[in-house]
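Attaching a single structure in C-alpha cells format; questions to follow.
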C-alpha cells in the first residue's frame, strides 16, 4: 500500500543534504510551510540555496533558517519587505548571495524545471537591469530574453488537504507558489492542514496530483493571521 | 453585466475570418466541440489552419469541415487513425498540408502561445525525423531542440459546466486539450453541456478561469458513444 | 499689481497647483474602464481604482498571486485570512472568482490576457518606457510582478504624480531610473492631466482645470502635443 | 541422424522457438515493477502489463491524455463513456485518481516524473535507440505521445517480439527504421529473453528456457553480453 504520510517532522526531513536547492511555497502569510522550515532548521542541512518569492520576514520560518546560517543563496523576486530583517542583516554582512528574478519569470523557470523544459524565451525584464547580459532574440518584431529552468533537490509545500497517495488541494490564496514548487524537486515534502481518505478528493478536483509528492505530514496549525487591521 | 452566453450557433461563430488558425479541444470521442465545428462549416470561413490532436474521423465534426474544403493545413500529432478517411482522401489529392508534431510538443507549443512564451527547448523529437532541421542546443549534457509557440485566432472548446462569465469545468477525460486550447486564441468559443449560475462553481474548483473565454453556448448533447464493445 | 508681479504670481500659483487628489485620479481612471475588462491594479493608488468602478459595471480584477475576480477588502463580518491579494491584504472574492497558482497567474499575465494593468510609477518617458520598481540599484531592490505585468497586459496605464515633491517633472524624454520595461505605457493619469503616449510622444487628453497648457508643459519634461 | 542433420534440426528447432506468449511477457514485466511507481503503459501489449500487477501491490498507472491512477477497462456495470485512456478505450479510475489536461500531463511526462514507461517497438539498438512509431516515412505517419514518453520517463522498457515474422532480428546494432528517440531504452522484454541495455550494449538478464544462449545470439542483431 502506498502511504506517503509520515508521523514525525524528523522523518519528513530525512536525507536532506548540505548544498541542496530548496523550493518554498507560500505568499504573504498564507500557504507557508513554516513548520517544515523550522524542522529543516532543526535537521541541520547547510549551504542551502533557497528559491521562494520572498526572503523571509520576522525571525521564524525561512528567516529562522537564514538566521541559523544555513542559507548561502536566495533566488527570489521580493527580498525586501516589511520585516525582512534577517535578510538585510545577512546582506549587509555579505553572507548571502541574492539572485533577483521577476516574479512571473521565477514561477515560469520553476514550471519549466518541472516540465522538462531547460530554457525558454520571455519578454519580461528585456531592456532592464535584471535582463542585462542575457541572450536576446527577436520574434515577430518583439525582443525576448532566454531564461533557464530551475530544478531543485527539495520542495517544501503547504496544502489544505492531502490523502495517503499525496494528492493535494489548496485553499484559495494558499495555492500561490505551492503547486509549481511541488513539480520541480526530486523530493517534495508537504505539510497539510487536513488528511483525507483516498478517494475523498474527486478526480476533477485535485490541484496537485500525487505523482509530484513524496512525503506528507499532518500539521493542523490553523488559520493565517489577519493581514491588515479590520476596524 | 458580463454575459458571454449566446443563444444561437450563428452568433457563436460570428466574425471568424478566412485564413484563421483554429484550435480544437477533444481527444477520441470525448470533449469534442462537434456542434461548433458543424456550425463553423455552416459559417463558411475558408483557408483555415486547424490545430488539434487528430485529423478527424468519420464525416462529421472536423472531418465535415475538411470534407467541405475549408481546411488548408492541419497541425496535429495523430492524423491517421481508424476512420480518418477524409484526411486520407485530401492527403492523397494533395489538398491538405500536414505539420506533424509530437503530442506533448503540440500541447506545450500551445501552452507557450497562451503563456507569452515565443519559443522553448525540449528533448522531445531530438534525433528524429520530426526534429530534423530544428535548432539544437545542449544543456547539462543533453540535447534539445527549439520549438515555437502556436497562437491562434479562434479556439473551439467543449466543457461540462460554464457560467455567464465563462468559467469552465470539464468532466474527467473531457478535459484533454480543451483547457490549453482555451488559453491560446484571440476568440475562445465554448460549447457546454450545462450552464450554471455565477458563483455555483467554487473559486478552487474552476478549471478554466473566465478570462480565457469569449463566448459560451449551451449544447447538451449527452454522453459520448461507447469506445469499445462491453460484452 | 503690475503685469510682472501678476505673471510671477500666476507662475507661483501654478507651481502650487495641487490638481486632483489621489482619490480623484483613481476615480477619473475608473471611468475609462469598460464593462467586461480583466484588469490588474498595482499595489498602492492603482488598487483604489477598484473602489470607483460604477456598481452597475462588471469589471473583473485580477491579482497576480492567483485571483481572477477580486472584490473589496475584507471586514470583520466576512473575515477569511486564507484570501490575500498581491499586496498581501485580506480581500474578498466576487461571485465568479477563480483561484489559480502563481505559475498559471503569470501565464495569464504574460500571455496578454489582461485588458489592462494600472501601475504607479516614478517616471515615464515619451516613448512609453517607465521606471516604477526602484529609484536606485545601490541597495538591493525588490521587483515582484511589475516587470511581468508591464510586458504582458494589453495596455499599461500609469497613475502617478505629475512632478516629484521638488517640482521636477516625472514625465520625461528619457527615464533616469532603472526601467521596469521599455515602450509599453499607453496612458498616464496624473494629478494635473491625462496624457496618452503615441508615436508622437505625449499627447494631452485632458487637463486639470486649475492649470494652463503652458504651465502643464512647464511641468512636463518632454514635448506635450495637443490631440489631433 | 548424423551430426550435421542434428545441428540442422537443432537450428531449425530453435528457429521455431516461440518462447513466451504476449501475456507471459506482460506478466514477466509486471513482476519487475515495484510498489509505488508511477507508470505509463503504451498502447497494445504494454497496456496488458496492468493486468498482471499483483493485487496487493499499488502501482499508479498514468495515461497521457490526463489520467493519473488508471484502473482496468470498464464493463457495462461501471460504464462512464466520459473516461477514456490514451488508447481511446473506456477505462475506470482508481481511488486516488486525478485528471489533468494534456498540457499538464505532458509536463508531467517530459519533466521526468514517471518512474517507468513501457512501450512496444519494431526495433531497438544496442545503444538504446529505438524505433516504434512508423516503419517508413513513405506514407504519412502518426506520432502521438511516443516521442515525449521516450525522452521523459525515468526508464523506458520495451516489450516486443525478439525477431520479425521473417526471423530477422529486431534487437540491432543500429535501428533501420525512423527513430522514436536516441539512447533512452534501459531494458527489453521479448518472447525469448529479458535484456538490459548498458554502456556495453545488450546484456542478458534472463532467457526463455526453450532456447540456448547461442541460438538467442543468432536471433539478436548485435553482441549479447552475459551479465558481470
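Lettered A, B, C and D in written order, each chain numbered from 1.
We take it that a residue touches a chain if its C-beta (ideal position, glycine included) is under 8 Å from a C-beta of that chain, and two chains touch if they have at least 3 such contacts.
Note that the structure is a prediction, hence the values are computed from the model and not measured.
Visitor: In contact with chain B and with chain C at once: which chains are those? Just list them.
Guide: A
Visitor: Measuring between Cα centroids, which chain is at the maximum distance from chain D?
Guide: Checked the centroid distances; the maximum from chain D is C.
Visitor: Counting in whole Å, what is the centre-to-centre distance of chain A and chain C, each centre being its mean C-alpha position?
Guide: 30
Visitor: Taking each chain's centre as its mean C-alpha position, how far apart are chain C and chain D in Å?
Guide: That gives a centre separation of 59 Å.
Visitor: Mind pulling the residue numbers of chain C that touch at least two other chains?
Guide: Those would be 93, 99-100, 106-107, 109-110, 151-152.
Visitor: Would you mind listing the residues of chain A that make contact with two or more other chains?
Guide: If we look for residues of chain A contacting two or more partner chains, we find 108, 111, 115-117, 122-123, 170-172, 175, 203-204, 207.
Visitor: Can you work out from the touch definition every pair of chains that touches here?
Guide: A-B, A-C, A-D, B-C, B-D
Visitor: Show which residues of chain D lie in contact with chain A when the two form their complex.
Guide: Against chain A, the touching part of chain D is residues 35-36, 38, 58, 60, 62, 68-69, 93, 95-100, 106-114, 151-152.
Visitor: Considering only the defined contacts, which chain B positions touch chain C in the complex?
Guide: For this pair, the touching residues of chain B are 1-2, 111, 113-117, 163-165, 167, 183-184, 198-199, 201, 203-204, 206, 209-212.
Visitor: Please output the residues of chain C touching chain A within their complex, sorted ascending.
Guide: Those residues of chain C that touch chain A are 64-67, 73-76, 79-85, 88-90, 93, 99-103, 105-107, 109-110, 137, 139-148, 150-152, 178-182.
Visitor: What part of chain A is in contact with chain C in the complex they form?
Guide: Residues 27-30, 53, 77-81, 91, 98, 100-105, 107-108, 110-111, 122-130, 170-180, 207, 223-228, 230-231 of chain A touch chain C in their complex.
Visitor: Okay, in this complex, where on chain A does chain B touch?
Guide: 108, 112, 115-123, 137, 139-140, 142, 144, 148, 169-172, 175, 203-205, 207
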